[in-house]
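Notes for the one structure printed next.
Chains here go by letter, A, B, C and D, matching the order in which they are written, and residues are numbered from 1 within each.
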């Protein structure tokens, strides 16, 4: 609905807990902001022989598990996944965790990220006789595991699979007797480890730990393969050595929840500092600093604190948003924006305002917002974006438009300002961004701002499917 | 879920608009915060003979009208209603608007408020041969209208009915050829008039006008009966003279959306001034001012601006809340609060904070909140409530606990502080409240703070039903 | 879907049984053939004060009560209802039992029949200040009960109400302390009494007794008001004397289940005798006697036994019929018939057949059937109808087309034969009908065959509603 | 619900028809009796590149496709499937048609039958790196096709797959440019070919052709692989030579619809002849012949015609059966039978009856039936079964209990009679069965009666899964 990049997933894993599936479900709920299109939990019951149980569905966690009886997901281990979807991938078959019976036994897998060489791998595997029932690249992992050498320790099946994939991924792989949690060598997507009642929890963001009362232990490191066994042993492998970490800087800009610790930093604090840096870079006089709720709030607060311009809520969010709304044929002006945000005219009338948002992707929503604020009486509108211009698409697991649709890739800041109808427009500089993070430039993946891709993307191409399933 | 007073309804009326029902539905959506248990729209098609069409259901507006085909609600007029419910009244039969065929033709009615003499009226009507199919007091209006004198102008049926009821109400009555919008003589509950594309809109709050693009005209006045006819005529009656208005002050404290104009004042501005007054009354030193989201935000902002203590978000709200969540048997500490709010420990650790909330009813949630904030590391917690202590129940259409359950009716402020575990606790004074509203005390109903009921409540009693329907 | 008269309701009452609501639900299921549009059960819990509990919904009993938890309908008494509906009355508000709080306490009512003077009564009641929330004439009974004299035995409220209504009805009225079961003076619609585990059961047809294991006791007599009290007393009243019974002969022709005892006769046996009489009246030579399933089966069997022509299934029914089916745009020939019945070509090819159906209303379906049988190879088709021509509508609770749509009211038998495309067509004579029933003509209502209405219908008119609710 | 063998599937294929998916859906509806647990249709749109579209769900065809918009299944070709399920296989993942992207492009597959060597094949394939996402043996076909030699005509992929499987199957395989319809070498399960509007239809039973108005062409022959191409070419292959056909005799006994042509014979006629043979074998004197509806009806009719004993309906079926029904705790006697069948006591009282059923599997239902008939007054009950005793399980796609649960495998006819409480019991002899079919013994698979399995079943075993998915 909004003009944002879209995070594509969250993961949760629970190992050795009496109510593993229930905990996994709550961990997904806490991470719902990372994907609203589908949710699933696979639990594992250890006994004489391992049994996997699954529940998956399309929509929000609360809907998929509405009135759910968790005794249908027994066992002391579980993994869960929430996902975002695009039109092409909107199918129940793509809802994770995926599962299969393979040579090592049964396996379930949950994946956050994107494989650069997915098309090549899929073609190669299909050429070798594999069958693909879904379109998500996660299915590739299943096939690679299934074709690993036989009679080796299970960690070897993981390492063999990883040797073949090229891309960004945080991954949970649950076998009948152990759970693997791992991140690619650059650690692009987040994943962290916690402890609860003597068992282990793995989650994309620490806000999941907070809800279930787990203690944060540490991040799964870039390039690390962590192995949790039923006997309580924890082993850590770095099969490809210690790579230079390059986590996704956009987690700080927009994706993560502000109360999460991501890559070792509190997101709220980083966002506030982005706002502070933004305020320093090109000061402006105004009556109020107004956030675009909710993602723009911390940066706007930082901006206000740095600039001394009062922070005010000039846009009020309707919290009862969800499904699509039926608009009259005699269309309502800017309906799409208004159904979520209403300008507080009484406050805005005749005022000069600084409006802080975290990013502008296509510019379509922002343009409506500016118009709506003007109609509400705002005299001057100074747009401030708490991140640099987004000029390049992401190939590492984020849904971004193609370059030709990114307004900042095609227009100058001055042109964008004109298009949006703002009185001024300032983006945070790259330098300001890294000052806010308190890091140097080379420590993060900032390809969407810089076009510098830490993992080569080659000529990104899609699988040349001669024939397609629309499921 | 939270320890708040509960607004019981919102109204919307549309008169002379091509897409009346669709507009009504959107007006309800904008006012969803006033009632989440049921929603309905009745439309009126004028032709040779009037036809009414209805759709009602339990739950949120978006669910009741999910995929709804508005051609099933034709006509140029419509009224709508959202409601809150308690266990006793949770029945589809109570979902409004109610409708019936009576001597004047068909009629539909939507009501926000409460009749003090509902039990007496119901008994009397039943004694006179009336049948009651629901338990809501709105049905009483239907019977009173049905028993009005015959062959009089329709406005007389309204006036005759109003002569018999005693209580607080804003009301929409739609006949086959006209719509009445009215408020009781004290104007306890809000109702305002707007204009859209040459037609009329009536709504409880102006945020409904904002979404559909209607222009605010004025409030329906206390004691006014406004009559809208198909021929475009608008007539205003004051059948009981001009009473002293005493609107509900709690609309400013908690119920209304901050972007609404209620009783002529912008709610956000009033709430901020409440925070400012609170800051003046008993200053404290602290690192941050923290709102309890979302209702405490404007007052916290005002508090921060007045005190100079920085405003920060120390409690992060999960926006994906709705249905009930399934908690593990091995209960999670303070689950009920945590599912909605997560403390931002990184910010709070070792800090002294002022926590601003709008009201404390039973104190149960607040106590958990204080505990949770301490566990998150807060060193000192200074609770500030942006309204006076709530010491008496409301009988005018708000769901409040009985007096014995109101913590402030049974404990001193010092005792409450102890119970909640806060380091200090300050409520806004009555004087501060009215300074914030910029009004004198006698202009509002503040019975929940003062026990002074503008409309006598006698010995409030419930209908002595010997037999009950649980429907 | 088929060209038949439609029975409009079944009733069930349970008095003094531990699992009253559950029993009522099963009694409705057994009588599902009498109404598929809506179902409801109201239970009564006796204690210090009576409590009524209700569950109602649209559709089949199995759907309305799918996964239903019968602890939500506690108590030792219950009444239930299934209904048929026409487009005008398709509303949840019309689903029975209806219930209300009235001067005598709470009351629930279930009705099978039709009031001739419903329009007058409704107008009069509305003129007297009554409100009507539904369109079913059952609501009239509620109002009449509510306006009965005060402080009289409850049976008096019933009798007072009955004095005012004019029509055909079987009725269950449940007060907080007693259940009334009654039939109009002519006993048009069926109702019988049974016993189960020391409690009482009332049902429209005895097949309900069979399923729940109740013993048949007797019919509620024409004009009888039976009163069942909590103290176990059973009283019988004949407030209007002993009328000449005139039960509906069409129950034998089509409505009742063949395994039911209706008006003291086994339906299956009567239908077979109708077939026998039919065979005697105008013999024909043929290879097979073919029933139109399922209602034509017993008569066809009787016809075969009398004539000596072998009985065969030439039309096979698909049992998985229910909802509407989506037909291709490139329409399938006679789809509407074929989705339910398929001719058994192998059997029919080149054969001369007698096709036995129970009635022909408009003739549309029958015409398609004849065409379909010819295409399946039937050489000669001799249509036989096991009842006289239906020439007049019913005003006593059956949904029939208006006279102008009844083929037999507008065409001679010869013309009908031509229209249907049959080689011959014979209807059972009135004499034959009564021989089959083993009764004389004056003992039944046969208005649909004779136009002789035992209860005067005057100029049947509908309520002159100037305004309408489509709910 | 009833004590019967359960057919496990029906297939339908549509090739070159404007509304292929809609036709397929109706073809499934007509064959609903062959499987009520799940239904699916995959359509194929040919264009520059082939696109497959799928819709699948659990439950009846009418439910899975309730309000379905067939424009979501575009294309001129489609295959469909309905299935029966057991507890172990009740998963959406097992609902057919299955589909995958494999080396030859996309493929969809629908299967009726059972692979004897499924466990071995699955183990072998998994050992070779295959992933299995479902538990149905149909997935094995997908893998075998995927691993076929490359760059060969598509028919070769089919033949290569068939070379490896051992069992009974009728199969539809839809590639992007052709549809294969085939039967195993013994032709155990049925499959026939029809024509509609210039396109081809394939279905398990001809009743599907009747509903959609297709013309029957012929059976797909045992061992035949029929290839339909987009260019209109039809090719027939017999890759394994001409085998001796051994179709399933039980299709005549119970599975097929009576109006279908199966293996070249009209089912109704065969069943009637079974009844005639039964009457000849051991005559008895009785008042009536009573069928157990519906499957016993044709045989009972044949019995009656042969014996001269009148055919009557002594058991009336309730047609509104579907979901489970909620029984009172105070259990109703023989509830499970009564909810479907009610004895017509009026007819049965004091009578001696011949009761004809098609088979007795465990005997549990039959025993209740006998008891129920006695309670209804039947004086003598002579049970007649229109097939030989079922003494061995089926391994060719029918759900049968294990041998130890088959009453006739463990008791003599005399003992069974005693157990059931009948006055006499006669099964049709094998000779009588084949006289009724008008065939010699060696032409059919009658393993369930004889233990003689045309396809060796070895030691039938299940896949030794160390780990299991319950999905």
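Criterion: contacts are C-beta pairs under 8 Å (C-beta built on N, C-alpha and C of every residue); 3 or more make two chains touch, one makes a residue touch a chain.
For clarity, every value in this text was computed on a predicted model and none was experimentally measured.
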| item | value |
| --- | --- |
| Equivalent interface positions on chain C and chain D, same or different at half | same |
| Distance from chain C to chain B - Cα centre to Cα centre, in angstrom | 48 |
| Whole-Å separation of chain centres (CA-atom averages), chain C against chain D | 37 |
| Chain A and chain C, separation of their C-alpha mean positions in angstrom | 61 |
| Pairs of chains, among all present, that meet the touch criterion | A-B, A-D, B-C, C-D |
| Complex contact set, residues of chain A against chain B | 18-19, 22-23, 25-26, 29-30, 32-33, 36, 60-63, 65-66, 68, 70, 197, 207, 210-213, 257-259, 261, 266, 268-269, 294, 297-298, 301, 305, 310-313, 316, 318-320, 322-323, 325-330, 332-333, 338-339, 342-347 |
| Complex interface listing, chain C residues touching chain B | 49-54, 92, 98-103, 105-106, 126-127, 129-133, 142-143, 146-147, 150, 176, 465-471 |
